[in-house]
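Here come two complexes built around chain A, the first alongside chain B, the second alongside chain C.
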Partner chain A sequence: MSAVLEVRDLHITYASSSGLVPAVRGVDLEIAPGETLGLAGESGCGKSTLAMALLRLVPPSTQITGSIKLAGQDILTMKPGQLRAARWAQASVVFQGAQHVLNPVRRIGRQIDEAIEAHGSASVSRAGELLDLVGLGARRGDDYPHELSGGQKQRSLIAMALACDPLLLIADEPTTALDVMVQAQILQLLDNIKRERGLSMLFITHDLSVLSHTADRVAVMYAGRIIEVGAGDALLRNSLHPYSKALTASFPIIGDPSSRHQPRGLAGDPPDPNNLPSGCPFHPRCTVAIDECQSVDVQLRHAADDEERSVACVLVGKS
Partner chain B sequence: MNDLVPSTSPRDMTWARRKQALARVWRELRHDRAGFVSLVVLLGFGLVALSAPLIADRSLLLAAAGRNNPDLASPSAQFLLGTDDIGRDVLAQLVWGSRVSLFIGIFATVVAVVIGSVVGLVAGYVKGKVATVLLAIDEFFLVVPFLPLAIVLAVILGRSPVTLAIVIGITSWAGSARLVRAQVLTLSERAYVERARALGAGTWQIIFRHVLPGVTPLIIANATLIVPGAILTESTLSFLGFGDRLSPSWGKLLDGAQSSGSITLNAWWYYLPPGLCIIAVVLAFTLFGRALERIFDPRLAGR
Partner chain C sequence: MSNRYVVKKIVGALLTLFAVVIFNFFLFRIVDRDPLTKYRGRSKLSLEQRETMIRRMGLSGSKWDQFVAYIKSTLQLDFGRSFDSTRPVLREITDRLPATLILVGVSTVLTICIGLYIGAKAGWARGSRFDRVSTSTTMVLYATPEFFFGMLLLAIVAGRTGWFPTGGLRDVGTNNGFVASLLDRTHHLVLPSLTLTLGYLGSYSLIMRTSMLDTLGEDYLTTARAKGLKESDVMTHHAVPNALLPSVSAIAISFGFVIGGAITTETVFSYPGLGLATADAIRNTDLPMLQALFLVASAAVIFFNLVADLTYGLLDPRIRHSI
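For the complex of A and B:
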């Protein structure tokens, strides 16, 4: 079966008052049916921009080049009417910050049905059924957002995302601002739904510990590019790119007391997309950088010892 | 909607919630002395306007009605507010005038608010060329001298109370369009609007479902502030002789008082009552509008 989502050489450039700002600089990725791809990276690395661009939800002045094929159709060449029909029906978004994503003056059930109405099949309300599915109970449809807790709101957003039976679920940091217990419940719920319905999922987060639970494959982004991609567990246990190493090392390993006493961080700030360093964009912060890093910008290439793994670093896979 | 039967039906709950919201507005209005007094004044004028036929017969307004009465008689038991220059009862004209003035004030406001809201919503949400054109039109109506425009329109369109109201409405929507647009600009950046766009909602669906409910309180408060302007404009047009000759408005009463020389003759009962009525209604609407604005927009509280 062909990929649900296939992104080729995607560049996204924002037009700002200070000129063009490259947010995504040449990303390739694909998601197979039923697969979950975790996309990790720190704030400002372009991961949310990438996610929103998949449904062309970026400001109209933004330049997008490359191709985004969702179920075989190119999102970037669609006419507005086609695009509206494709949104939610083929890929839907579980947004972060449910607090603000729900309209405070409309009932939950009405907001869920809104998605169905937008796609012209409004004869029956499915809100009750969907709310049951996410474990909230059909009666919650009559409530206003402020009458629900944070976790309940996030559940209702998941119900909303399922309203039009999409192929792909784009989860944009769905567990930020939730406490860990609720976070675990939401992740479990997403996992169950994904399995029951055979959905593909793009799971965006800055929290790698979340991905170890959910993702089949993980891609790590830095400065608008994917710098390492591979099978989830293998990548999280043994990352090869120095940046991914720093990311994984910043989480203590449960059961290994020594790791708690020496959590490692990463010095420096993410690069300014207006003014990227020469060569590898990570070299100013890299602890193992060599002279070559200042001039050579390595593209993703297969790591020698792992077929599924690709890394963009001069030190890895050099033959 | 669902198979579970709630102990109270959704409709009951809706009503309970609406009652609660109304109770809150009422409570805050009670504590706002100026707002409360102005509400009472407005209700009083409304009551008089509605019961005009009970207070004075409509035939008293006809020119023939004053044939056997003394001209410009001072207030007496028979004529509580005296008579005008052709012997008609001033009180009767004042009572019937409240109908015309209030009707034109409110109807003109409806026209202005509808035009202003639609222009503001579209200009605020649909950016680009459409917004530029709408804003240019809006600016035209903002800067064009308003009275000459209203006079020209009144002459062209005719002088019935309805057309007068439409004329006043057409000339006074520009401010509220600006106000609505400013609010829409902030609302359309909300995350739930982006969510609606992501799920494939069209422009109109987003405007009416998500943006309009957010600006409604502002529109209501703004409307109560347009009414006094409309009433004043109606009075001005009538005073200048561009009003409806057949319906007695307060402005027309003032016009009659001025042209009959009642001021030099010291016939205060002819010009003072309509003037005071206009001031009272305009002031009451303004204070009530400000009070509503404070209640609907908590940011203004305490100012």
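For the complex of A and C:
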């Protein structure tokens, strides 16, 4: 079956007052029907930019090259009318509820129904049905966003994302601002909905631990590029790139007591996209860097011992 | 919005009005030691008549007695008689009130509709041709005093072409039939209301433009776009309702200036409303009239701030539920 989402050689460059800022620098990825791809990385690695670009929700001055095919159609070459029709119907976004993503002066139900109306399908309100589905109850449709708790807002955003029966859910840090109990409920809800409806999902997070139960495959992003991608569990338990290793080591894996004894952080800050280090952009923070890393920027390549795994590191797949 | 909030706001407005009443008492006693100096025909008054008059105007006795008498009569809407016309001040005011209500009402509605529309559109398309043209135009309008527009319109549209009457409320002797009379009055209303509208359009539209700009970066606009909404729907359903909130209170405050604008506009067009009455009363030092007109003007400003407070509650559910 053909991929729901197929991204090829995607470059995204912001125009800022200090010049052009490369946020995404050549990303390839695809998501099969029913598959969940977890996309992880620190703040500023370009993961949210990538997510917003999938529906062309970046500022108009932003340069995007490459291709983004949603159900076979390239989002980047669409005319405005086609783009509007594709948004929410092909792919929808589960935004992070802690931010002001809901209009404070419009009822929740209206904000859900207007998505359906924009695609000209329903004359009857489906908001109640969708709010029931996410366990919020149809009556909350009459509420305004400030009347909902953080978890309830997140549920209403999931209901909203389902309004037009999309093929792909783009979940942009959907559990980040929630406490652990609510976070678990939301993850469970997303998982159930995904399975029942056979949806594909791109799950973006800075917290690898939430991916262990949700993601079929995981991609790790650094400085605008994917530096390691592979099957979810295998990558989380045995990451090969030094950066992914540092990320996975910074949280304990549930059910693996040994991981609890050696939590480590990662020193240094993410690189400035305006001023990337030479060679591998991770080498200044890398504990195992060799001289070659300062000059050679390795592209993503298959790791020798794992068919599904690709890593961008001189030390991996070299031996 | 709870009833308690509404009651609280109304009580607050009434207290403010009462403070104005008290302030008025002292203000007009500072203005002139002998209020009768400007009384028309005072030279013909005998000493006795003078004292009777002073007593009748509540100006005899101790300051406290005067104050009590003043409050009593004000509560009964008895503002004394105009020095100028010698008719009761209340009659003078009620006779002229409708003309001003129509003028200020028409101009305010026009200013709000046109000003908010221009401001919203300019802010939404920041840096566009529409934005640049409308913002520089509204800046000029904002900076120009309204009576200047009045004089320009008077000189060009009324004076030279004769398309519109140069002043007054209606033509004398054309009062035949309801429709003809209505048309005649509207004809007279055009230039004064246009003047007042032009004078205040600028500030309303600049306020709305600024608050529109403040909402442009909000995340809920991205959400609306992501849902596939048309840009026009994103603007009218998401940006404008949020941008209106700060505009409402700013506009209510600026309404006080419209009342001031009515004074100069009515004077330029000899439009017989409360504004012209104020100008005349100042010219003639008609203290009883002035005192009552001050009260009416203050009451109007207080009333519109009350309306703004209540409207704000209706527009913003966060306020509505917390109060």
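Note that the second predicted complex is superposed on the first by the 304 of 319 C-alpha atoms of A that agree within 3 Å, B and C clash if a C-alpha of one lies under 4 Å from a C-alpha of the other, contacts with A are read in each partner's own complex, and residues count from 1 in each chain.
Rule of thumb we're sticking to: a contact is a pair of C-beta atoms (placed from the backbone, for glycine too) under 8 Å apart; a residue touches a chain by one contact, two chains touch by 3 or more.
Because the structure is a prediction, the values reported are computed rather than measured.
S.K.: With chain A superposed, do chain B and chain C clash or fit?
M.R.: Overlaying the two complexes on chain A (C-alpha atoms) leaves chain C and chain B clashing.
S.K.: By the touch definition at the top of the document, which applies to A:146: first (chain B), second (chain C), both, or neither?
M.R.: The second partner, chain C, only.
S.K.: Just checking: does A:101 make contact with chain B only, chain C only, both, or neither of them? Give me first, second, both or neither.
M.R.: In the superposition, A:101 contacts both chain B and chain C.
S.K.: Now for A:118: first (chain B), second (chain C), both, or neither, which partner does it touch?
M.R.: both
S.K.: Is A:138 contacted by the first partner chain B, the second partner chain C, both or neither?
M.R.: Touch partner of A:138: chain B, not chain C.
S.K.: Which partner chains sit in contact with A:282 here, chain B, chain C, both or neither? Use first/second/both/neither.
M.R.: neither
S.K.: Which partner does A:109 contact after superposing on A: first (chain B), second (chain C), both, neither?
M.R.: first
S.K.: Output check: A:222 vs chain B and chain C. Expected answer is one of first, second, both, neither. What do you get?
M.R.: Neither partner.
S.K.: Quick check for you: in the superposed arrangement, does A:84 touch first (chain B), second (chain C), both or neither?
M.R.: Once the two structures are laid over each other on A, A:84 reaches both partners.
S.K.: In the superposed arrangement, does A:128 touch chain B (first), chain C (second), both or neither?
M.R.: First partner only, chain B.
S.K.: Check each of 8-16, 26-34, 44-52 or 62-70 in chain C against chain B and return the one that clashes.
M.R.: 8-16
S.K.: Could you list which residues of chain A make contact with chain B in one structure and with chain C in the other?
M.R.: Touching chain B and chain C on chain A: residues 55, 57, 84-89, 92-93, 95, 100-106, 114-115, 118-119, 160, 163-164.
S.K.: List the residues on chain A that touch chain B in their complex, please.
M.R.: Going through chain A, the ones touching chain B are 55, 57, 84-89, 92-93, 95, 97, 100-106, 109, 114-115, 117-119, 125, 127-128, 137-139, 141-142, 160, 163-164.
S.K.: Which residues, counting only chain C, touch chain A once they are in their complex?
M.R.: My answer: residues 218-220, 222-230, 233, 237-238, 241-242, 245, 315-318, 321.
S.K.: Using the touch definition from the top, list the residues of chain B that touch chain A in their complex.
M.R.: 1-4, 6, 10, 13, 190-192, 194-202, 205, 209-210, 213-214
S.K.: Note which residues of chain A are touching chain C in the complex, please.
M.R.: Residues in contact with chain C: 52, 55, 57, 84-89, 92-93, 95, 99-106, 111, 114-115, 118-119, 144, 146-147, 160, 163-164.
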